[in-house]
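A short write-up of the structure that comes next.
Chain naming follows the written order as A, B, C, D, E, F and G, and within any one chain the residues start at number 1.
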Amino acid sequence: MPGYDGAVTIYSPDGHLLQVEYAQEAVRKGSTVVGLRTKDSIVMGVEKKAVDTLQVERTARKIRKLDDHLVVTFAGLTADARILLNRAQGEAQSHRLNFERPATVEYITRYIAKLKQSYTQSNGRRPFGVSCLIGGFDADGKPRLYQTEPSGIYYEWAANTTGRLGKTMREYLEKNTPAMSNSPDDAAAIKHVVRALHTSTALNASFYEVAVLKYQQPLHMVSPTMVAHLVQVIKQEVADEEARLKKSLDTKTYARPLWAGQK
Amino acid sequence: MPGYDGAVTIYSPDGHLLQVEYAQEAVRKGSTVVGLRTKDSIVMGVEKKAVDTLQVERTARKIRKLDDHLVVTFAGLTADARILLNRAQGEAQSHRLNFERPATVEYITRYIAKLKQSYTQSNGRRPFGVSCLIGGFDADGKPRLYQTEPSGIYYEWAANTTGRLGKTMREYLEKNTPAMSNSPDDAAAIKHVVRALHTSTALNASFYEVAVLKYQQPLHMVSPTMVAHLVQVIKQEVADEEARLKKSLDTKTYARPLWAGQK
Amino acid sequence: MPGYDGAVTIYSPDGHLLQVEYAQEAVRKGSTVVGLRTKDSIVMGVEKKAVDTLQVERTARKIRKLDDHLVVTFAGLTADARILLNRAQGEAQSHRLNFERPATVEYITRYIAKLKQSYTQSNGRRPFGVSCLIGGFDADGKPRLYQTEPSGIYYEWAANTTGRLGKTMREYLEKNTPAMSNSPDDAAAIKHVVRALHTSTALNASFYEVAVLKYQQPLHMVSPTMVAHLVQVIKQEVADEEARLKKSLDTKTYARPLWAGQK
Amino acid sequence: MPGYDGAVTIYSPDGHLLQVEYAQEAVRKGSTVVGLRTKDSIVMGVEKKAVDTLQVERTARKIRKLDDHLVVTFAGLTADARILLNRAQGEAQSHRLNFERPATVEYITRYIAKLKQSYTQSNGRRPFGVSCLIGGFDADGKPRLYQTEPSGIYYEWAANTTGRLGKTMREYLEKNTPAMSNSPDDAAAIKHVVRALHTSTALNASFYEVAVLKYQQPLHMVSPTMVAHLVQVIKQEVADEEARLKKSLDTKTYARPLWAGQK
Amino acid sequence: MPGYDGAVTIYSPDGHLLQVEYAQEAVRKGSTVVGLRTKDSIVMGVEKKAVDTLQVERTARKIRKLDDHLVVTFAGLTADARILLNRAQGEAQSHRLNFERPATVEYITRYIAKLKQSYTQSNGRRPFGVSCLIGGFDADGKPRLYQTEPSGIYYEWAANTTGRLGKTMREYLEKNTPAMSNSPDDAAAIKHVVRALHTSTALNASFYEVAVLKYQQPLHMVSPTMVAHLVQVIKQEVADEEARLKKSLDTKTYARPLWAGQK
Amino acid sequence: MPGYDGAVTIYSPDGHLLQVEYAQEAVRKGSTVVGLRTKDSIVMGVEKKAVDTLQVERTARKIRKLDDHLVVTFAGLTADARILLNRAQGEAQSHRLNFERPATVEYITRYIAKLKQSYTQSNGRRPFGVSCLIGGFDADGKPRLYQTEPSGIYYEWAANTTGRLGKTMREYLEKNTPAMSNSPDDAAAIKHVVRALHTSTALNASFYEVAVLKYQQPLHMVSPTMVAHLVQVIKQEVADEEARLKKSLDTKTYARPLWAGQK
Amino acid sequence: MPGYDGAVTIYSPDGHLLQVEYAQEAVRKGSTVVGLRTKDSIVMGVEKKAVDTLQVERTARKIRKLDDHLVVTFAGLTADARILLNRAQGEAQSHRLNFERPATVEYITRYIAKLKQSYTQSNGRRPFGVSCLIGGFDADGKPRLYQTEPSGIYYEWAANTTGRLGKTMREYLEKNTPAMSNSPDDAAAIKHVVRALHTSTALNASFYEVAVLKYQQPLHMVSPTMVAHLVQVIKQEVADEEARLKKSLDTKTYARPLWAGQK
């Protein structure tokens, strides 16, 4: 099939843009990230690759400020993301300068999405291999959360996730997010994000990075100690739930005659 | 056949522009949209993909204003559509500025169509994978509805549909639209559009989005409740029709001797 | 044979420009159009695709004014034609502005032909998939009719046709046009054009569109009623002719012994 | 062998420029043209394709003035020729303007040849598929005749021919031209050109077009009647010659014993 | 697989940028380099290819100053590195000029990383085949060490290594670096770097080059004599360790009955 | 092997520039040319293709003045040569204008060579298929002779030859040129050049063209009569030599016993 | 393997830049050149291809001045070298003009190396097929010698060689150069260079060209007579050495019993 993905992003006979889909594949190989919008906060959480013991964590951070009121994270090619987000950061600054007020969250999202789309229709340039979660506050003080894809598509979300993610995590998010969306309880929101990541990755706590952005406040990175503590709590909860579930199942099993085959 | 769709939109030996046809394929994979022009309104309806429960509906909206007097929807690649429609929106604004009156519906349609055609004849750029329905009002206060294809073709319509659409829907539209075209009854028109979508997609009401544009009035999004109500009404009507039809068929069947095999 | 039609219009080993020939193939797939030059009129006729009942006929029109004294129609890719003819229209206007008199019919034809040729010799752009019939009046008040091909060739004609056309139509035109060329009888000319289209397409009358341009008069679209009437007249004539022919053949057959097998 | 003629005019391993040779093939598919330089005239003759009865002959003319003192004809792609000769015509006009005297015949030939060569060495453009015969007068009042090839080669000739030509014609020209070169007899020259065309094509007279250019005189198109008359005369001469030849052969045959097989 | 790495850096179906991965392969073929950040120094060490006895060592040096406060080394294509580092050097100078203070280490790292990324997304240019270690001091007098990859990714490190490196070396670094990171003992740091290189390459001492950069001090190249001395010390240490290990193993072996099979 | 000579002049795995070698092949297919530098003259001789009897010799001339003091001839593609030499001629004129003295022979040679080289390293342009012999006089009145190849290589020569040439000719030149190099005898030099051409081509005299350039004198074309005369003289000499050689061989043969087999 | 070296210099899967390696192959096909840096001189020597007896040696010279204080020679494509060195010469002149002092040897080397590297990373241009030896003097009066490769790599050398070279020559150079490096004896240095060339090529003396550059002195070309004399001396020395060696071997052989098999 080399002819279809030769030199530029073109259509395959069944209407697909293969280079865009391959870029999406690069995103699906990236670390898992989660974004959540509560009543008055944006909470971002990322799975961190097993950091080399020699690496300085600061530069490995994947949650980043774009402007005082904007926080962003991403899944996919880190180098591509850096270029893309630097340009977005420049646009945010230039917006402040030109219009004497911060850009809205959607404005910056649109800017990123447009840049991405243009690379899917340019002569001889590949699409960006990056999916971004962009959170922030508009002039009304309300939090907003957006996601953009390599194709240039974007939507607004109450919560979303991208990268190497499992079905369980999405199910967890869909089931448990609504309660969070109008809650002012940051602690609960942080725990929710950590638990979502834990659901998907089942990795050690030291590998999660979580940040909270509130209106007109600086970006707050949740301390690793707190994250570690939350992971312990979650582990216990999961264990309890499983125990409860097992007990309930056992009870039910007990109700069935022993000669009944397991279903 | 890679040679024919290698780097640019070129002709196949039998005179086809393959990249344009593949882009059309991308349109045929998009959600179904319907546009209707009544005596004094434009009604647009779209099938919505099963929206993730976490998605904020507002950004997922596919019916969009281009100018005070112009409404548009589309089927195909959302990111492409956004670029195309942003440029059209810019053109509409610039027309107002330069000529001190709004652009006609056909002017904007022509602008979009020309942009699309140019991407089918440019060195190394793929065509837009988008089909647009453009509705609006000219200075005479008359509603007009146009459709453009990835090739850059456009026509004016009393009603039309594009995207992943069934034959039944088109038949329904052709049969039932004429009565609407000169009717000032918006409620009937909205129901007509919902029923057309229902005919094709047979999905749950919450997945339809409907909007009405009237001369010198803001774009009116029909409430989900109303849409849901209409779907119930339509379901009942369809059930009644089928019952009637069945009865009539039974009567006829009755007329045939029992030993006659079913046809 | 992919190598010969890879990226640009180049020669095949036997001296053919394949992309140009494939573009011609796109023309041969288009609807049939006819142009006729009488003593003092240009008559254009087009076969119309079975128009969707919902389509607004006005935009589907394929006979178009380029300037007050110029009428044009085409076969092939509609979107390409629109671009090409818009540029020709611009050139006609600019000619009026710069030289304070209308462009001659040949001047505009040459402009279109030159544009077409340039796309057969450009780096990475495909030829236009359009054949145009261009009619109009020069300062001497004489009608002139030209045709251009995707290659950029053009000639002047007393009458011509292009698109999906049959041999019968061309034979009909060659046999019957000379009588028209110096006739001032528009009614006869219109009937001639309709009959030519009928010869080729044998379709229902509602699918022909006919227009007449006279010196210093606005373009006159022949009414569908008139076209329908003409089709009836022609059908009767054809039937009469066939009857006459059959009779004459029968007479001849009669002259042959009955046991002679049919030839 | 697609690799050698892929995107531009490049060398094959044995030092050939294939696209140039294929363009030459397009020339060899064109109508036959003849040019003759007599003592004080340029005579051009072309074979005309069986013109459609509806075609207006004027635009189908292949003998064309480039300037008051320059006449040109060509074989090959008509649309390419038009572009090439329009540019030459522009150059001739611009030469008059800049230098206040007409360009020499060789100057214009060189201009055309240079343009042709540049298309054999440009990135992504095909060579012109045209061979030109250029005749005219320099300031000394002497006629000159040149020919250019798709490669950009040009030479001066007493007489030459290009297009779909037979060996017989070239032999006829080589044998019979010298007598013409210093003759002031236009009538004889015209007959010579017609006979050369007749030798090669053996077609009906109505299909030859002949023109004569003399110093400081307008281009004279020989009337079709005259051409037809000359064809008749030539046919008679050919018949007479053949008769004479046959007789002479018969005499010789007679000299051979009857049992000798025909050679 | 030629289609995926044809003309530019594009995605393979599984989301990889092959040209970037091949450039990384070029890095993995380069000489091993090590960078270490101690409490107040940057120590860089490189394995030197067996230098031709005729080569002047000075130009073969791979540890280079970018600015008074910046030192850099690299693995991969030397010519690419020179271009890349010259541009970084220019940027450092221009930063001093424009902002009247030195660029931070991260600023220069970002500049290099951005340049690298841009070559992975440009039309027709290959990525840089270079991985850089960049060390230096910010205004706070603290040492910082970064590494950039051909993709444009960069991270900060306590110590890192790139090029043709073995697993043993990385293990050695991870185990032994932490003790160094806050140590002000340059001698120990130098020995640490030499031992790391020795672990990986086991080559003769004359083939290591080591440099130390301290805040507001000139770059100090460790003398070859010192390096040679350190290698001797390290060899002895390694021998001693191995002897100790052997002894301990022998003791254990002794403890097992002779008839036990070797594990 | 299409990959190596696809779109530009690139290296084959064994370090060859194939397009340059193919261009050299085009030179080897060209007519033979000879250049000779005597004490105070440049003599150029060319084999002429069997000129069509109708061709005007003047334009077919391959020996050409570049400036008053410069003469040039070439082998290979005539159209390429014309472009190349026109540019050289322009450079010569511009040199006179800018520096108020003629360009040296080497200056113009370098100019041509540089132009040729640039076409071997440009994006998408083929090399010139031409080898040039450039002769002329510098300010010291000394003749100089250079040759350039399609690659852009050039050297100075006492005498040289290029095109479709035989080994015999080169041997003849090498053996007999030294005597000419310091001779002021133009007649002998002309005969030398003719004999060299005769050695190689053994064609009829009318097909040689010979020219002599002396310091501050116009280019002198040797008359065809003189060339014809020289060919006769040479033929006689060759015959005499062969007779002498035969006689000498016979004598030697005689010395061998008759029963010795022929060697 | 055509895909990897298609249109530009790109990476092969194992991290090689194939076009650069093929260019290096072109260098390995070039004539052998040697450069030597003594205490106060640069000596350059080149193997000359068997010069055609008709060639004027002056232009065939491969040792060339770049500036008063700079001498250069090369192996590989002569036409490429000329372009490259002309640009370097221009840079040297421009440096003098701009900075009012000569460029250092390394500055010019860097300039050449940078130019070379840029052609390995440009869209659609092949690398230079040239390896250069650049010698000269800096302001301190010290000689310096550099070598650049097609990749753009450069190093400083006490002595080096490139082109079609044998292992013996490199071994000879490595063994015998150190004694020369600090010697002020030009005669010995010249003999050293000639012997190095002789070691590798074993050709006749007339085919070596040797030049010496000293601080603030013009470039001195060693006379062919001297070179020839040196070759004789060297031949004798080689013969003596071999005799000595043979004798010593014979003695040793004598020491072994006759029945011992040859080792």
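Note that a residue touches a chain if its C-beta (ideal position, glycine included) is under 8 Å from a C-beta of that chain, and two chains touch if they have at least 3 such contacts.
Quick caveat, the model's predicted, so the values are computed rather than measured.
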(request) With one step meaning two chains touch, work out the least steps from subunit D to subunit G. (result) 2
(request) Could you please state the distance in Å, as a whole number, between where the Cα atoms of subunit A are centred and where those of subunit D are centred? (result) 74
(request) Just give me the whole-number Å value for how far the CA centre of subunit C lies from that of subunit D. (result) 33
(message) Quick check: what residues of subunit B touch more than one other chain, meaning two or more?
(response) 1-3, 6-7, 123-124
(request) Head round the ring from subunit C, going the subunit D way, and note every chain as it comes up. (result) C, D, F, G, E, A, B
(request) Give every residue of subunit B touching subunit C within the complex, in rising order. (result) 1-4, 6-17, 106, 110, 113-114, 116-118, 120-124, 146, 149, 151-160, 173-174, 177-178
(request) State the interface residues of subunit C toward subunit B in the complex, per the touch definition above. (result) 1-3, 5-7, 18-19, 22-29, 52-56, 58-60, 77-80, 82-83, 86, 119, 123-129
